[in-house]
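Some structures to go through are shown next.
Consider the two complexes below, in which chain A is the common component and chain B and chain C are the respective partners.
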Partner chain A sequence: MSELFPRKQVMGFLFSLLLTAVALAVYFFDMSYAAGMTILLVTAFVQAGLQLVVFMHAGETKDKGAIYTNVYYGVFIALVTIFGTLLCMIWGYV
Partner chain B sequence: MKIDHSLPLEYSTEENRLKVLGFWIFLGAEIMLFATLFASYFTLVNRTGNGPAGADIFEITPVLMETIVLLTSSFTIGLGVHAMRLRNKKAMLSFFAVTLLLGAGFLAVEISEFVHYVHIGAGLQTSAFTSILLTTLGTHGAHVTLGIFWGLFIMLQVKQRGLTPETANKSFIFSLYWHFLDVVWIFIFSFIYLKGMM
Partner chain C sequence: MGFFDRFAVPHPNPAIYASMVAIGLTVIAIVAGLTYFKKWGYLWREWLTTVDHKRIGIMYLISALLMLFRGGADAIMMRAQLAVPDNTLLDAQHYNEIFTTHGVVMIIFMAMPFIMALMNFVVPLQIGARDVAFPRLNALSFWLFFMGAMLFNISFVIGGSPDAGWTSYFPLAGNEFSQSVGTNYYMIAIQIAGIGTLMTGINFITTILKMRAPGMTLMKMPMFTWSSLITNVIIVFAFPVLTVALAMGTLDRLFGTNFFTTDNGGMDMLWANLFWVWGHPEVYILILPAFGIYSEVISTFARRNLYGYKSMVASMVVISVFSFLVWAHHFFTMGQGAVANSIFSITTMAIAIPTGVKIFNWLFTLWKGKIVITTPMLYALLFIPLFTIGGVTGVMLGMSAADYQYHNTMFLVAHFHMVIIPGVVFAMLAGLTYYWPKMFGFMLNERIGKITAWTIAIGTLLAFMPMFFSGLDGQARRMYTYSASTGFGVWNMISFIGALGLAAGFVLIVYNIYHSIRYASRDIGSDPWDARTLEWATHSPVPAYNFAVVPQVDSIEAFWDAKKKGHILFKGEYEKIHMPNNSGVPFIMSCIFFVWGFSFVFSMWIPVIISTIGIFACMALRSFEEDHGHYISVEKIEETETKLRGVS
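For the complex of A and B:
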């Protein structure tokens, strides 16, 4: 039975619950916007990385390079889209 | 078809390996899809008009339930793939079943949340904020709904045909999709709900 619960994945799961608990701090404690956003950015991206490496087996085959390049490219375009939009729609640099 | 027995079943042919790579490329496109939704959300989050703001309508209990249920389902499908690699079909199908049940539980909470929003006057047409909120949440929820049916059909195939290179490959790709939905939810949880309630 225990072979069905590999240590790596159990630890990954516990760590993801811990990250969720840390992120909840921004709700339960009074803190500045900057401090709250820093906590959320760190916990969200660590959580995403954890899923990618522990659960999605991203680095397992010889396609590792292609898979990571593709993910980084997707994330890069995502960040450019989001921050580009913020830059011209919210922060006012038209 | 050349089968390499040194690799896990889902990668055992070149076609299978390339299908996994192809699915990662699809997930790259999905990242960008959700990025456009988040970009619109951050632009419109303060355009509440006469409607409520996020802080007025978000409640921590259902959001936390959804998060824990989805995180757990991401864990159980990971265990399902692990069991598949041990060629334990029964354990694999059980883990997949638990995953899909948790997915259904997530959807139940989300649907009741949507009903609640509409009930308190935060429908799709109330303000720019509520419309992008419900569009972003709804796009994720639609993905979960699709995933539940997809997973169900995969389970049926594994049950009927057993663990072959094809069914193992399909199951593994489905697990990638499911983990990805969990990743998207983490960003919704952090940057829509928690940021809104901060």
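For the complex of A and C:
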């Protein structure tokens, strides 16, 4: 029976609810813009990762390698694009 | 403004009226011809509804050639205008529209479909697959591209062409400075074509990762397939940026938002930034498949395996990462400080390293090879020195301090033409000549082909080398005329002569096709070049199912091994083959997209809503449709195989 029980998915679901609750806290509690934004960004990215791994089964087939390579590549490109843009438009702009 | 006034061309002149008449006559001629020869059914069954990757490839090819001539006509007009000082052939507005459409057509509607044509035709054959992973999506990709291209091309007779440059920088492209609907066409036509390209990217990544013949591991794939895989990965990561930027630009122009305006918190330079975040990877989207073609051609006609296979793959992977790290070098002069510019300068120069690795690998492949100079090989050999001129001037432009001198001069124009023409256009023409027998079952004439290659190479040098000099002398790009005292006249006259040479070369290509259709031998077998990769293992022209028996691969050059070392490629008996059904939905859906785009350009909201519903209806239809494809029976395969084998 225990091997039939989707422990991973149930735990994932509970954790996902928890993350949502934490994100909602930003609305209900009074905090600075920076603190609120940090909480939202962190919970959002953890949530996305959770969905990808637990509910979209990213690591469960033999395509695991290709899928994770693509995800890491995408994350890298996204970070470069965002920070590069900030560098051009704001930090490095004189 | 009355309802019909907005469709009028804002800056009419006799050439535009003549084009209107020509377009009208062409449409009438096509419709009449199809009716007279009773070809409507044939057209619908065999082409408009096809999901066969080979036919889609051929349709991409035809579109690319048509667009080459459309963009080429723009180029000739520009060079003619600049050939002598103080020329009045074109006025400033007309010149602006022409350089804008020349850029967009050549990059997005000529070079892109050309690489799509070769990818579509070649990749499934090279990996021993029967079609791409999602054949119907592939058809939709093509038709979206085609409708985007058509929408863009009607701009100059209905409502006016875009005139803010192919980069369409805001605030110039904003409503304040570009009042005609031209820039709306730009935003929406490219959006529609871009969605198609994004789909192709997903489709080909899946195809290459999942549908390779048994035994073909990633490191046993032919080099063109590798380059296509990397290209499509770049497409998937770069095109969403363009999609978002175009959507924001459209919102700014049609709905009064302030993303790229100069007030209310808008940031006009953000457009330039986003455009090049897509635009620089786009350069590599164009050049990597070209490099793939050169790898195939050079290895075939040097009669030896490609030197440094692993370093070729590694250099492409490195290029695909670096291509996302360099975009700010397109606007060094926009106001960033020394730190930002230096960072992007260094990443830019770093790209020369993997590119250099590739160049040296080709040279080492040629070294001690038994070189056979055929037309495709001639293009490849001409590519190496000419592309290097474009490459080293790129390094000059990449030095941010020096770039202040070159920026927005003809030096830049010369640089990117010397990169794109030898890099992409030569490769596509080499690929066209190389794969022509596989596509159509006869070869293009070699003598005319070689004359064409030389004409185009000399034309390229004549047309673009003078621009380096006039650019360093201070001739700005996009300037519609200049006075005699500047001394630019002689350089521009040489350029004009070179442009005529290029035009002559492209006419020769058409003549070659005509000549070869009439006179070329059909008795050429399936492997006329004595090539090394799987696409040459099946018949020419290729049967619908590509391979009667799925090939078994155990090395990089399985077909070569089969010819020389007794490797058995096709093991086993004929079995019935599962193939996808044709469908009219992609074509109809894309037609609706055309109406959607056209209505959007002119802010006609009721047709926009109706066509949006139509688009979703097509998608719903597909979701609820039961279509399991069809089987080709063993008898049918035997019949086809006997017939195809019987020719030779």
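The rule is short, and it goes like this: the second predicted complex is superposed on the first by the 82 of 94 C-alpha atoms of A that agree within 3 Å, B and C clash if a C-alpha of one lies under 4 Å from a C-alpha of the other, contacts with A are read in each partner's own complex, and residues count from 1 in each chain.
We take it that a residue touches a chain if its C-beta (ideal position, glycine included) is under 8 Å from a C-beta of that chain, and two chains touch if they have at least 3 such contacts.
Everything quoted here is computed from the prediction, not taken from an experiment.
Of the two partner chains, both chain B and chain C are touched by A:G74. By the touch criterion defined above, A:D63 reaches both chain B and chain C.
When the shared chain is aligned, chain B comes close enough to touch A:F55, but chain C does not. Looking at the shared chain after the overlay, A:M37 reaches chain B, while chain C stays out of its contact range.
When the two complexes are superposed, the chain touching more residues of chain A, out of chain B and chain C, is B. By the touch criterion stated above, A:Y93 is placed in contact with chain C alone, chain B being left untouched. Contacts of A:S16 after superposition on the shared chain: chain B is touched, whereas chain C is not. Chain A residues in contact with chain B (one complex) as well as with chain C (other complex) are 63, 66, 70, 73-74, 77, 81, 84-85, 89. Partner chain A is touched in their complex by these residues of chain B: 7, 11, 17, 20-21, 24-25, 27-32, 34-36, 38-40, 42-43, 60, 64, 67-68, 71-72, 74-75, 77-79, 81-83, 86, 88, 91, 175-176, 179-180, 182-183, 186-187, 189-191, 194-195, 197-198.
Per the touch definition, chain A reaches chain C in the complex via residues 63, 66, 70, 73-74, 76-77, 80-81, 84-85, 87-89, 91-94.
In the complex of the two chains, the chain C residues touching chain A come out as 209, 233, 237, 241, 267, 269-270, 273-274, 277, 321, 324-325, 327-328, 331, 334-337, 339-341, 343. Here chain A touches chain B in the complex through residues 3-6, 9, 12-13, 16-17, 20, 23-24, 26-27, 31, 33, 36-37, 40-41, 43-44, 47-48, 51-52, 54-58, 60-63, 66-67, 70-71, 73-75, 77-79, 81-82, 84-86, 89-90, going by the rule given at the top.
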